[in-house]
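Below are two complexes that have chain A in common, paired first with chain B and then with chain C.
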Partner chain A sequence: MLQLGLNALAEEAVPQAAKPESVASAGPQVPVLRRCELPVPAPRRPVQAWVESLRGYEQERVGLAELHPEVFSTAPRLDILHQVAIWQKNFKRISYAKTKTRAEVQGGGRKPWPQKGSGRSRHGSIRSPIWRGGGIAHGPRGPTSYYYMLPMKVRVRGLKVALTVKLAQDDLHVVDSLELPTSDPQYLTELARYRRWGDSVLLVDLAHENMPQNVIAAVSGLKTFNLIPAVGLNAYSMLKHQTLVLTLQTIAFLEEKLLWHDSRYTPLYPFRLPYRDFP
Partner chain B sequence: MAGSLFLGAGRVLWGRVPLACRSFSLGIPRMFHVRLTLPPPKVVDRWNEKRAMFGVYDNIGILGDFKMHPKELIKGPKWLRGWKGNELQRCIRKKKMVGNRMFLDDLHNLNKRINYLYKHFNRHGKYR
Partner chain C sequence: MAALSVCGVTRRGLTWIVLGAPRRGFWSRFRKEKKPVVAETVEEVKKEPVLVCPPLRSRTYIPPEDLQSRVESCVKEIFGSSVPSNWQDVSLEDGHLKFGLLARLADDLGHAVPNSRLHQMCRVRDVVDFYNVPIYDRSKFDELIASNLPPNLKITWGY
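On to the complex of A and B.
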């Protein structure tokens, strides 16, 4: 992303991916500008991204948004991202594999033949692990859970790193709102292809209640375009989908939620119990 | 099984031949287990509902005001939701939580398993 002064927005003419510029057909519009609400620590400056619009194919530079550097341009800690992605994959896992031991296999209480005299090797039961049809000595035992939790700050940092990596690799697009002119899934796919977004797009709106109907209808017909509320954002989905599309409200929500952890006290009791000054 | 016959035949061939003289032309025992036709490739839809939406709401705590915890999203047996333990701990927890409504045979096996694991962990092996 190029560093632009907000004042120089009108004169800036460098295209994003060598596409021909085109002015919005409705004539000169006021650009959508967003500044960071939360304080930015002194040596760092906000990182900037174009605000786009989904209303027209070519509305790719409707405004400029400033994103908080601690969330969108933090250190690219791939090891934390890996830890968080593996945690997401495994902590829900419950493996139901189970085998019967020699005590659980039906039968096998009696000694098959006397210890001495028959000429055969000595055995105590027909269900021991060396017998065919016998129990399994060291097999999987019962439903096993692989649950564990990473520290809260590690999970928060994983989200920040994922957002940073998406922005740094030009896979993050900021949109003023997810309103579409039609509810045709074809429109979304054509838009994504024109703007070279990629095969899979993750659209993030703020909450389920205020999602526009057109987007819901368009996305329900597509497999690789998925719509989630801001509460559902996670590193695994960001890595699974090639592009991430956030609205301005979502960005404000995420910044507020993720930056709170940088300067909070350690919990004396779980956060779900009421505190005097939080939320 | 049919395979064991061929294994026996292969071993008979190789047993008599010194290591330096073994060559491909004498036949490979493994050849008998190679299939000549491939099975139809398994078609895996990487973008079905479950795979596309995997991991959504895992951060419901940190992004959702801590009203819910991700361990409440886990679907599974009641004694394993949001908890991890070794086999003895799992058996004890299962007995505590659902032992009163298990089948008699299963409960008996569970008790036997708990006894065995207790003795194993506390009396046998290097770490007790």
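On to the complex of A and C.
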């Protein structure tokens, strides 16, 4: 790297011919190897994935990353995945449908005709549910909330199962970082097409602050490519997008957060209240 | 404005009175000369990186006949000369060696081990077994059409 810099300072014509050669013969570059920081239980062995790079079309094998088996290779519990996906869809739902009962419809307090003698059937009010224009007997009543919470461990397991399924079906890609050479959305779409990623790609970075500007600009111009921070990863989005692209920092964050729940004590009070020693 | 211009004209017919409108016309010539110079240098800087997408590769893979010898030569290059005669049983525990071998074979044969099966590659034997399996890009219908069908079975795939 230093030699390239000095050549650039010294001459202008030569490094333009030297740079593509040094980039093309990138064989003896150090591979990016990532080992699991958290301990792996004895009989299980880590799962692995290629570390790719977004800086060039052909940089598909920059390193090898080891992934924790309890997160990326759990039992494929599709029932838990279904529960979590349906929960995500429904717990925010508030249906605002409301109909009027016979008591709320305007009018209908008086008996329309006497009980006996008129020959017509007996009725007590003109707004009963039998009547045209009457109230609805068992209709939707007011804003109804479909809020419910699955246990925290079920939701965590849903995330683990979703990651497992993505890796098992070859839809998970690990990237060293989300840096692009241009902010052109066309570059991202061509890259995804060349590497056969799929129609929709979910890019996950660690935090909102340190996202490279090129990725933000490129993704904001595309509808099927979405960029989220690691905190925003959820099972529904993983199922909605065909491919999932994680950075190495994101993987470390996810492993740490998801594995903590396996060996934690049950809370004495909810976790959202302050704890002195909460990780 | 009209009075002042009349004064200027009456004094000497040649000189301009430098007022609002003629002054702008005088300086705008300089501004028009300066602008195109700046724009050219900026465009030159931006044109340097040119990224061209390479042509799409097909997913078809047919194992070459000299696969065993190719894998053996790659193993000897990566692991050095200290390779025992049973080179198929060499373990791929070490990350550097595994990455080196698998990346070399992928570049050589144009077909890489997918992420879901990387953890199954524990020994060189597993890698050889993986690369012995051919992969076709055709759909099931194309395979059926290409295979030997009885004469009373016709497949029309007109989509």
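Everything that follows uses one rule, which is that the second predicted complex is superposed on the first by the 251 of 279 C-alpha atoms of A that agree within 3 Å, B and C clash if a C-alpha of one lies under 4 Å from a C-alpha of the other, contacts with A are read in each partner's own complex, and residues count from 1 in each chain.
Following the convention adopted for this analysis, a contact is a pair of C-beta atoms (placed from the backbone, for glycine too) under 8 Å apart; a residue touches a chain by one contact, two chains touch by 3 or more.
As the structure is a computational prediction, the values presented were derived from the model and not from experiment.
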| item | value |
| --- | --- |
| Chain A as common anchor, with chain B and chain C clashing or fitting | fit |
| Contacts of A:49 with chain B and chain C, given as first, second, both or neither | second |
| Per-residue touch tally on chain A - higher for chain B or for chain C | B |
| First (chain B), second (chain C), both or neither touched by A:244 | neither |
| Contacts of A:163 with chain B and chain C, given as first, second, both or neither | neither |
| Partner chain in contact with A:172 - chain B first, chain C second, else both or neither | second |
| Touching partner for A:227 - first (chain B), second (chain C), both, neither | neither |
| Chain B versus chain C as contact partner of A:271, first or second or both or neither | first |
| Which of chain B and chain C A:201 touches, first, second, both or neither | neither |
| After superposition on chain A, the shortest CA separation from chain B to chain C (Å) | 22 |
| Residues on chain A lying within both footprints (that of chain B and that of chain C) | none |
| Residue numbers on chain B that touch chain A, as the complex places them | 47-48, 52-67, 69-71, 73-77, 80-85, 87, 90-91, 94, 109, 112-113, 116 |
| Contacting residues of chain C [partner chain A, same complex] | 49, 51, 53-54, 56-57, 59, 95-96, 98-100, 102-103, 106-107, 112, 114-116, 118-119 |
| Residues of chain A touching chain B in the complex | 88-89, 91-92, 94, 101, 103-104, 141-149, 152, 155-156, 159, 200, 223-224, 226, 228, 230-237, 240, 253-254, 257-258, 261, 270-272, 279 |
| Touching residues (chain side chain A, partner chain C) in the complex | 31, 33, 35, 45-50, 56-58, 60-61, 63-64, 66, 73, 167-170, 172-174, 181-182, 187, 190-191, 193-194, 196 |
